[in-house]
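So that we are looking at the same thing, I have put the structure below in structure tokens.
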Amino acid sequence: MHSINEDELQPQESTTQMVRKHRSPFQLSLQRFLKNKLAIAGMVVLTIMICAAIFAPLLTDHDPLEHNLMKVEQSPNSEHILGTDSSGRDNFARLLYGGRISLVIGFSTMLSTLLIGLILGVISGYYGGKIDSIIMRLSDLVLALPFLVLALTIIAIMKKVTIGLFVVIIAIVSWPSLTRIIRGTFLSLKEQEFVLGARAIGASDFRIILRHFLPNAIGPIIVNATLMMATMIIVESGLSFIGMGIPQPTPTWGNMISEAQGLRILRYHPEAWIPPGLAILLTVLSINFIGDGLRDAFDPKSERR
Amino acid sequence: ACNSKDDATGDTATETEKPSEVAETEEDEKAAEEGPKKGGTIVGAMYSAPAGMFNPIFYEDSYEANIIDFVFEGLVSQNESLEFIPSLAEKWETNDDQTEITFFLQEGVKWHDGEEFTADDVVYTYKAMSDPDYESAGGVRANYVQPLLGYDEYQSGETDEFVGVVADGDYKVTFKFAEPNVSPLYYASFPIIPEHIFKDIPVKDIPEAPESLQPNKLIGTGPFKFTDMIEREQYVLSRNDDYWKGAPLLDEIVWKVVAQSVMIGLLEKGEIDFVASPGGIAPADYDIVNDFGNVVIVEQADFGYQLLGFKHNHRTTADVESGALTPDNWVPNKKLSDPKVRQAIAYAVNRVGLVGEGHGEGLLHGRGQPINSPIAQQMWAYDENAVTKYDYDPAKAEAMLDEAGYVDVNGDGFREDPDGNEWVLNMDYPLGNELRERSAPIIQADLEKVGIKVNLRQPSEMSVYVPELTDDNTDWDLYLIGWNLSSTDPDPSGLWATRAGYNFSRWNNPKSEELLQKAVKAPEAFDQKYREEVYAEWQKLFSEDLPALLLYAQNSLWAYNDRIQGIKILPHTMYQDSHEWWVEDAE
Amino acid sequence: MVQTTAIEKKIGDELVVIRDVKKYFPIKGGVLRRTIGQLKAVDGVSFSIRKGETLGIVGESGSGKSTLGRVLIRLLDPTEGQILFNNEDITKLRQRQIRPIRQNMQIVFQDPFASLNAKMSVEQLVEEPLIVQGSISKKERKERVKAMIEKVGLRVDDLQKYPHEFSGGQRQRISIARALILEPKFVICDEPVSALDVSIQAQVLNLMKDLQDDLGLTYLFIAHDLSVVKHISDRVAVMYLGRIAEIAPKKELYENPMHPYTKALLSAIPMIDLNETPQTKREKIKLPGDLPSPANPPSGCAFRTRCPKAFDRCAIDRPELQEIQTDHFVACHLYSEGTI
Amino acid sequence: MNQPVLNVQALKTYFYLEQDLIAKAVDGVSFSVYPGETVAIVGESGSGKSITALSIMQLINKPGRIVEGTIQMNDRNLLELKAKQMTSVRGNQIGMIFQEPMTALNPVFTIGNQLIEMIRKHKKVSKNIAKKKAIELLKIVGIPRPAEIIKEYPHQLSGGMRQRVMIAMAISCEPQLIIADEPTTALDVTIQAQILDLLIEMQKRYNMALLLITHDLGVVYEYTDRVIVMYGGQIVEQAPTKQLLKLTKHPYTQGLLSSLPNLEEDVDRLGTIKGTVPPAYNFPVGCRFSTRCPYAMEKCSQSNPELFQYDIDHYVRCFLYDVGGEAK
Amino acid sequence: MVQFIIRRILLFIPMLFALSIIVFGLAKAAPGDPFSGKILDPDVGMEVYEKQRAELGLDKPIPVQYINWAKKVIRGNFGESITYKGRSVESLIKERFMNTVYLGIFALGITLIVAIPIGIYSARHPYSLMDYGTTTFGFFGLAVPNFFFGLVVIYLFAIKLGWFPAQGTISNNKLTGIAEIKDRLHHMILPGLTLGLASTAGYMRYMRSEVMDVLGSDYIRTAKAKGMSDRNVLYKHTLRNALIPIITLLGMELGPLLGGAVITEQVFNFPGIGTLFIGSVVNRDYPVVMAIVLLLGVAVLVGNLLADIFYSIVDPRIRYD
């Protein structure tokens, strides 16, 4: 077989460079991510939160819904380490179980928003044309209505707000931002030569989207989805505050804090609001750190070397 | 006093066996030493801004009443025993069959603009409420005029002669009723508005008129004038120097709208001086506020109660669509049709637990009472001895259920109905009252403790809840609701008569119907003793047949800064005779 | 049209023939974003490429070289004209029908960083065309990938690496491997060496030449570096503003340029000429001004605004390509006076 | 006369990368430029040409740092100047032209604004005078309608025009030295010729020294007097242009020349240099070119040869010519 | 550019139409009507409300209701509020709207005043102590629910320290002139801070990366090579470029700001559009809900439009034609 220009062959870099394993861009990103101390700290904290939520039954004997009317608004004591709430339910148990709901809400709103955003964004960004302008006008329209206002209006229309419904509503209201990001990423990828190259070898649209667009768009998508999850946890608590979140007695961090609306709780029962407040703060902070770490890890600027 | 109506939100209620046991004594002494002073401003707090309609015949919310109470007066008011006492009317007399009542008015009463108050103003007020356009313009107080003679003809426009209330000279006015009336004073207690201001404004335009809405345009006879407002923030009442009972001592009363969440802080700091109905202070805050040292708390039973309703019957879909309330078409709710079951439920609910017996207990922290009768406990008609009390007794409840055949046959921990079928009671509750929202899961747990499976459903906004409650062609079994009662007359038929719209239980008991009618039937009913007896019988029936389990009546907790003197605490209000209020630190 | 057929007659067994190909891009504007004009990126180009030869295309930036290349393999749809590939008219084929034909025509792009999907390993990159096109077994695929990667001067070890681990020249080798794995007959090289350093450029050019000999490839080689084009091409076409100004065998074109633009272009290139004497010193023809916008080209001959020899007729008539000498076509009125 | 405009000695500019890697982008570069002279720096991408230029201007950004060396200009060591003093050297004594005409001008200010700003900074003249001067400069660099162009924004001009504006800017204060970092790489040949001719014309006109960075040996041949060839952050060969191209000494320079396709003669295969430029943070031990050098000897991979004088004006960094160190 | 503006304005009309349909649809999809929540006064008969329903045309078919509504809206008449009897929706909104606008401007002002200098500083001194400090603050700002922040500042600054009023917009109506402005600002500080918290954090980070980008760009290098001073480079060349994208951001900020106001106003009992909105949603006061949603939608659209136009003016690269 014909072999070309032996003398032009690279003296392989591995001989001159330190021996490196071949890492895929994904592995490289992961490597960069793992070097980011804040992001790792975020991971650790988030993992603890998630574990605490998952293993709630092991961490407390109390039922978050079980009330004891003889022990209302108690200060911390040996039985109720964070005291009890205004219905005599154990705050610690509610904190743990509330974490489940809050995290699930954050996660599933993010997922469903991502799903809508991905589908519409891909269609819009890849095919362009009429369908693109329709989707974009639609997103303009949704964006024109302030997020909370729209969410509130829809929630008010619903007779009963369940977690599933809540998730769907938030997703319906918040898809445009992700859709636009995904569309933008796709549009810029569309101009890249490697996409033309893929078309030149006769790859189908499906293949181009799946093998060429998505892997390259995954960075911004993951980053934005992560940050969105943080936002959603805050949104949930805000809606709970207005009384339009997940209704009691289901515990969520949001409706735990919103019980602190009165100065009495604020002043005399810090154990009732500081833990859920901290839980939200830490979770959102961790997620933001992770998102930021992911952003750095996926940053194309650091990809060249 | 105005009948405050806090629609969706504040349906609080209670009773109190010991009306106004207040820490008044100390203050009274001090006051006596120094004597009342003129001047000063006090600040009252309300939690929500009034919608802005300050015309008594059109207002709706209780925040508006906060202004109206100081600006307008009725012919009569009520004393601490809830008896009617003279106000704008000096005295009155009824004819023999109680179809007419004649008032002799105070002379020399001046409207805020200096005009004389006369019998024509009284006539005008009632005429306006009978106007054909009154209801469509948004008026909701027609019940005050409906029993008047000739109301239907006048209201439907058949005649423009209004004969229900007639003046005889400037200071004599007669109310004429179509039928003998057992509580004519109630109907005559409505605040009077000035004819000279409104006579040229068509009734349908009154709601938009500045005279109904704006400071300085609003003219009443009360001790304070409405002089200034920053919408949704502040409402300023200034002294009416020409007040007929004597010039008020205070310069100004300022109402501020503050969030409930910060109220106690402001109260402690002295930035607000008093907070009363609607709302008052939260039961859980009682101990804290009590410790402030500068604040006096007034605790007394509220006019109203919360209840756990049993749907005795459902309406048919056809009825719902046609809007007919036809008891004959009603479909009995089998799940709850056995009175034993209802009684068992009543024993199973720990109402004392809900109320609690002190701070840190129950939802009310002890600031209220479980009640057993649907008549306000302050009322003469209230008779606690006539009723079954249903003290918390789960064992008894279980025994009764067993007896009624509701036993757990399949061993799932819940009882099945006598036929062995699954027996699940649906329970619904509305949003809007935090305590009530919290009580729902607690009641559910109580019932499940005795083996009754309860399907507690998601709460909904009052505006969604009530239509479903009303339509009733649903699968509802248990529901929560609360009522505010009038302080004027104990007649419960507005809520519990079979055909009453608000009889959400669709309670259809002929005996009850008979008693309710008997209690207001002339001429026997002119005798209060007689009515007392009939109502006692009815209350007994109620507590046995149980269209609803009455849960508790919350105490109203009013609070004011101890710099204010001269406040007169009545069961239904503390705003009466505000011209006598004064502050120690006035210059 | 007449000239085009003339070209065809001259040359047998053409692999690619294009006739009067045009590609206009719409210019949107106005209140309603209507198309208010057309950007004539390629404006009537005809030529043919024989099997095994290399046709070089030079021209300034924006003259439509890349667009032409993309239209040729139907990555863009031509506005007008006809494209014959292997005697088959592929102008009107739908994308679905084009796909199998893609096996025979490939493209190598300019930017070695943007033209490879950074998320795929070399093996995936080179294998992908086989997956898309073929029905060969996985084992055979791997074999062919290995063979190909060695052919372009990379090592089998490199297969597991990712593009970011390679230098520009090596990446370009990957691109070439990817383009050639389907054993196409025709490869469009869109400035494959412009982004590379000279030493690397030489490696890649040598490789491309070797591969051509080895596999009997036909190239359309786009570049703006005249010396590179000369080195690799058999014939060279000079483009100016979407049209071909001159097309000739390379020796003919470089020794005897006819079009004023070609002349200027050749004279403008800085060159090392160590034997230069004041006599042999090339005289520089300086072109004033910039390339006009293809959205608003000058009337008549597009080059007239910068042409040192322009005369009245250039503003009126558009010169067509005509064969002045055997195989040497020029589009310039200077050479058509006799025909008037 | 023989006083150089610029004298760079032992300049080292390193980039301190993550993981303690140090990119020795410029590693001991010494050269001088004399008045009126055109000096070229050539070399492959990454050889340190731009960093050398930016070091002279002291425009190295983090994580880069000039670690050693002197840059003499008019008896002053620029590296010892205070930041403030340096601003009056930039633009005033040294003008600079960059590679990308598309991004080198601030997109939100008019051409005039950016020109006038510079004139006023160094000349302290009134706005009006500066404006007149700006128009004149634009006319000098061959921009048509200069009075209108000064009101336009960079994006309204073509690449060639913008590069002319950059030249106008660079010469506006008649500096003693102009550094042009690949001023024509992004332009078409016909435009490239225009620009290079203009540069030389300006150089003659104001008698400036020109340091022209390029990787096009053709440009070097036609436009420059002296060449510095860089490889791996170091100078590997330096000589008058004709001499260097004729009597090429360093294997790297030879390789570069042989890999150029030539218009004059046809070769079937181009000469090549195997491999690629090693990254600046990982140079081979010994001679930096040793890994690619066809003549590499054992000692090449052990120690790095010095740049020594091979001929009067001809310096080479290669053991092939280091006759036992005699040349020293 | 004129064309661009005209085009944008023309695009506006179908958007408005769509918006109005959405708004109307939302209101109609809601169960219950303004009267259904009120039927709880035993003193008031139910039939009363039936009459009032008919009076308001709530018994008509929905398309008819839409047309009637739209016709009026075009004339700027949103009808009458149902909760606030006798008040036209316009007057209700007018009275509140300016409060929210002031609050929004104030919050935005705080945001910009705080975020821009800090962002610039961080960009110029990346990885410095100050940079880490502000970054941390930025993250916290994004992580604290703003109602929670509001409660805490009320507790600390209004109740505990007594520095600022906890509620309302003004002490009393008698203030005029400077005293009034001062008093209003005093009242606005806590809600303004609360409302601006998240966006301050966001802008800070945005500004930092934007300035860093610009500082690394070629034209900044050119400016330095021209011998421009650091000050000039920063304030002229860098800022202008870094602020341009902020303009679009500001246009986009309107929505979140107005949305955020809903919660913040609730905490501070601030009489703005937000509290009116929540009250109306809860009370099913359709005319008001519809008007507010429509108004906010239009405000956001106009905000975006203005931002686009402004952007096209300040950034000469953008030529919409």
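A, B, C, D and E label the chains in the order they appear, each numbered from 1.
Methods note: a residue touches a chain if its C-beta (ideal position, glycine included) is under 8 Å from a C-beta of that chain, and two chains touch if they have at least 3 such contacts.
All figures in this text were calculated on a predicted structure; none of them were measured in a lab.
Counting hops only between chains that touch, chain B reaches chain C in a minimum of 2.
Within the contact network of the assembly, the step distance from chain A to chain C comes to 1. Just count the C-beta contacts per chain pair and the biggest one is B-E.
Chain centres here are Cα averages; for chain D and chain E they lie 53 Å apart.
Distance between chain centres (mean CA atoms), chain B to chain E: 39 Å.
In this assembly, the C-alpha centroid of chain A lies 25 Å from the C-alpha centroid of chain E. One inter-chain figure worth recording: chain A and chain B are separated by 48 Å, centre to centre, where each centre is the mean of the chain's CA atoms.
With touch defined as above, residues shared between interfaces to two or more other chains in chain D number as follows: 272, 274, 276. Counting partner chains per residue, chain C shows two or more touched chains at residues 170, 203, 206.
Along chain A, residues 5, 8-10, 156, 159, 261, 263, 266 each make contact with two or more other chains.
Against chain E, the residues of chain B that register as touching in their complex are 3, 5, 7-8, 11, 49, 51-53, 58, 60, 135-136, 138-143, 207-209, 212-213, 228-234, 236, 256-259, 261-262, 265-266, 269, 323, 461-464, 466-467, 470, 481, 483-486, 494-495, 500-502. Of all residues in chain A, those touching chain B in their complex are 65-67, 69-74, 86-87, 156, 159-162, 243, 247-249, 261-264, 266, 268. Every residue of chain A that touches chain E in the complex is listed here, in rising order: 137, 140-141, 143-150, 152-154, 156-157, 159, 230, 234, 237-238, 241-242, 254, 257-258, 260-261, 263, 266-267, 277, 280-281, 284-285, 288-289. Within the complex, the chain C residues that touch chain A are 70, 73, 75, 98-100, 102-103, 106-107, 109-111, 113-121, 128-129, 132-133, 147, 150-155, 157, 160-162, 164-165, 170, 175, 178-179, 182, 203, 206-207, 210-211, 214.
Put simply, chain C touches chain D in their complex at residues 60-61, 167, 169-170, 197-203, 205-206, 209, 224-228, 230-232, 254, 264-266, 268-274, 284, 286-288, 290-291.
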